[in-house]
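In the two complexes below, subunit A is the common chain; its partner is subunit B in one and subunit C in the other.
Coming up: the complex of A and B.
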């Protein structure tokens, strides 16, 4: 027998709640996204490809996704460390630290953007320190970021990286924290009595338990970083081909009233982010299956 | 002196449980956590206030009193006052629909509600422009009849609602799933009307989660930049919200004015965090369920 679309229920308010939900969802989210897809459909797939397949657009998309990936990886490591320290250790100032983790959620992105720029600009406190002290050291560590490290942070890709780390900071910590709280000490004791060193226990027992939650946080941080605009544009310098992020290209196209090109880049961004989220979901399903529990 | 008077501790000082890290490892990890947060979170926080007060309190307060800043504060409050209650109403309706009824496609509906979280705010703004801009069919008709959406208040409200859409629903759904339907069913059996059941049974159960969702929704609504930047048109004194005005002042090198307005939003963020922490502590059980996705 076919399942009915909706089961009969004595609960009141079906019409009202369904009506409000579906009307508002359509008006605020679905129809506008539909308008974007419609604009793209009218523009045509080959035109979308022609718009995206230009060096400046490629450079922006590549920059956005590459730096978002780096920032999310940094947040994955630092977020797990932070969750562990906040749950397991007792030290003065722990509660303030715990509350401060959420600041990037609460602080408007434009405020974060100008604050980070003020700090990391060459005449800022941390920017000056980097130029005078970190520049010699930095060439070794930040080699993978491309250009030679001159001690300049704001208005370079390193500045964008810092802004993206800031906005994605809370995600991994907040998803991993409850899992650390639930780890039973007995599991660790069992591992220790069987002769495992502490490092081995952490690597083979604790980290696998944290990995599904950490991956969820990683995916959220990544999605957030890819679309981020407010905190990045101030610190980025916005030099075409070098420090121009993909969302900024959409804004530039809109300012020139080139709606087709804006829609094309928007659709490309949506497509790449959904593909990445899908891949992460698949990894997650795989890792859950391998470990055998949530 | 206490060393000689106190009995020797049962645990020698070098004792370490097998499930503890070495003191050195512990110190390094705490140091990394504190250092990282100092650099990433506390430093920007201090920078906002330091830059705002760079020329003293007088200059900072005077810069807030100019016409554009006051108009921006008024606009941001107006937008939050419209979009947050609308999203709260949506959140309650969606949570009621999803948790009190069984229907096909429920998981899909939840995915659609969460969709705005994985869409870039700039793309969200773009969608609103393409839907309601003067070039679109609907937008053109509305503009012709004197109701412009884009580059006007309704567009900013719509963009704000888009990016904050899931906040309240996401907090309410897990709480209402955990509460179940038994209490409402009992009230209905005893003859209470639907609305009476809602106000006297459901609302008391969900009020803290609702407040929590509204708090997060409000913080984001007042601070939204990317989506609003696309739809507002940045007309000084008319469609420039607080974050947009901060950008304009900053780009004009009016540092004190920009950071003073930013400091107001930062105080709001700190207040939000304070309320959030207090809420989490008072109703730990109810809200904690949400954060175990």
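Coming up: the complex of A and C.
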């Protein structure tokens, strides 16, 4: 006898809810990705490889994933810190700050990009500061070691990095925050009474409890950064080989009505993203095994 | 039929309906009891009713007197005025006021939107090549450009330099732009129609001045620190962000920047050679719903050639054809310049494949092949 796809459950409504879930998931997620893969399948694996295996595409992919990774790591550290501060401390303006964390979610990405560019362009407030003060100072200190810093932020890779940090920050903070709220102070007190130092408590008690949520936030921030187009496009100079992100390359292919090449680069990004998210999930599983469920 | 009834405030019951009482209550049989109460509208019924209502309200309005004009970036101001003028003209012909909508964006992406199904009855794009794409998709006849006068281009423009006030780097012609330390702002020719004209103008100058054009445009783009996606983006980068020494711009865009951002900040420099940019217009046959709409769309395009509309084009810094109704100062503004048209490059099809295609000459500037 064939096994039914969905086993009968004592809970009522399983069939209905499973049906709704599967339909929604298919419509919203699986269908578009399927269409992308279908376009790629028609194009052929060797053609996809030929499209991707060009210096300009590699440069764009490398730039996108490298900066996304850096931005996600930056957000991992500062997002966790921010969540901790927002939950554990009481200070004036805390609620406003708490609400402001969501702004990158709410702001249209183009608005964010234009605002960031206006700030960090050489004639903007922060860009001017960087050019007039940071750059001479940096060159004074690091100049003798051969490092050169022009003080340009917008239209360089640094600008892209800042935009990616901006859009990714809420992901880490918002996933970690509820977990910090759940941590009972008694646990820390118990650790202290058992003779652990503060650093030891953080390392062996707090961080293990935070790490699953932090990793999830990290993965979300990374995924968002890889796909980010709207805000980056304004602050990146979009110079091929230097500041051209992979999503822009896809748009350029579309402008040429070259749907196959666009799909090929899309599939390459999908594959790399998938591998990265898989690796993060494996780390999560491994860390859960090591320190148990918390 | 299974019916739900309300027995008291909080209690409802369901069962087979067996009788309707005179006062509107119904009696049901639940299997154990016979119960009588007020029927409750079922959730699904009300949901279905709401859905039906939504369908009715969202149903497309009658299309007869409406028109969508899909245009490119710098025509915003011109078509805002033109739409108002045309509406007056259309009403004076004894018709009711038309609803005319205009959409603006990069010429290439606008063309793609129409190919992908944007319901535009009229396209007014930056290059014939973009309308050719729409024609290739079967939405208008191959010979569309022969349907209206002047290659279907009611107005033309050219490419000029916008420089900082007083022209501190003394950039007077194309040759000055490839000097060391000059920063040139131009959009990405892959995504912007205007940028392709910029590129071709530079190419034409190099050809006429005995330089290797490929090497020349290569040097030009090496001096470009930012490649925006569209002409407006480049204007912003140059004017608002203060990047670069010279902006390669549509002539109308350059005058507009002067007008909007202050004449005390920028100067316009007209190079010795430039291109005759013909932004064409066309009726999208495949998106015409009925004869009334066709008539409206045809008149919309034909009226572009009327003296009033031509005057408007002059006013918005386009080089139009018919000066009869234009203000003299709008016409005299344009200096004489040697203009090269697209045919001297072999037509758009050839230019597109040779220069801007995948791995074409423009790509080779960044990735030597």
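Note that the second predicted complex is superposed on the first by the 250 of 294 C-alpha atoms of A that agree within 3 Å, B and C clash if a C-alpha of one lies under 4 Å from a C-alpha of the other, contacts with A are read in each partner's own complex, and residues count from 1 in each chain.
Heads up, the rule we're going with is that contacts are C-beta pairs under 8 Å (C-beta built on N, C-alpha and C of every residue); 3 or more make two chains touch, one makes a residue touch a chain.
Treat the numbers as computed from the prediction; the structure is a model and nothing was measured.
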Subunit B versus subunit C as contact partner of A:81, first or second or both or neither: first
Partner touching more residues of subunit A, whether subunit B or subunit C: B
Subunit B versus subunit C as contact partner of A:13, first or second or both or neither: first
Contacts of A:254 with subunit B and subunit C, given as first, second, both or neither: both
Partner chain(s) touched by A:198 [first = subunit B, second = subunit C, both, neither]: first
First (subunit B), second (subunit C), both or neither touched by A:118: both
Partner chain(s) touched by A:237 [first = subunit B, second = subunit C, both, neither]: second
Partner chain(s) touched by A:126 [first = subunit B, second = subunit C, both, neither]: first
Which of subunit B and subunit C A:226 touches, first, second, both or neither: first
Partner chain in contact with A:107 - subunit B first, subunit C second, else both or neither: first
On subunit A, positions contacted by subunit B and by subunit C: 118, 124, 234, 251, 254
In the complex, subunit B residues that touch subunit A: 18-22, 26, 29-30, 32-34, 36-37, 39-45, 47-48, 51, 86, 89-90, 93-94, 96-98, 100-104, 109, 112-113, 115-124, 126-133, 135-136, 158, 161-162, 165, 181, 184-185, 188, 193-194, 197-198, 216, 219, 222-226, 229-230, 242-244, 246-247, 250, 258-259, 262, 265-266, 269-270, 272-274, 276-277, 288, 291-293
Complex contacts: residues of subunit C adjacent to subunit A: 106, 108-109, 112, 115, 133, 188, 190-191, 224-229, 233, 240-243, 356-358, 363, 366-367
For the subunit A and subunit C complex, residues of the former touching the latter: 54-56, 117-118, 121-124, 154-155, 233-234, 237-241, 251-258, 261
Residues of subunit A that touch subunit B when the two form their complex: 3, 5-7, 9-14, 16-18, 20-21, 24-25, 28-36, 38-39, 78, 81-82, 84-86, 89, 91, 93, 97, 99-112, 114-116, 118-119, 124-126, 162, 165-166, 169, 174-175, 177-178, 185, 188-189, 192-193, 198, 201, 216, 220, 223, 226-230, 234, 247-248, 250-251, 254, 259, 262-263, 266, 269-270, 273-274, 277
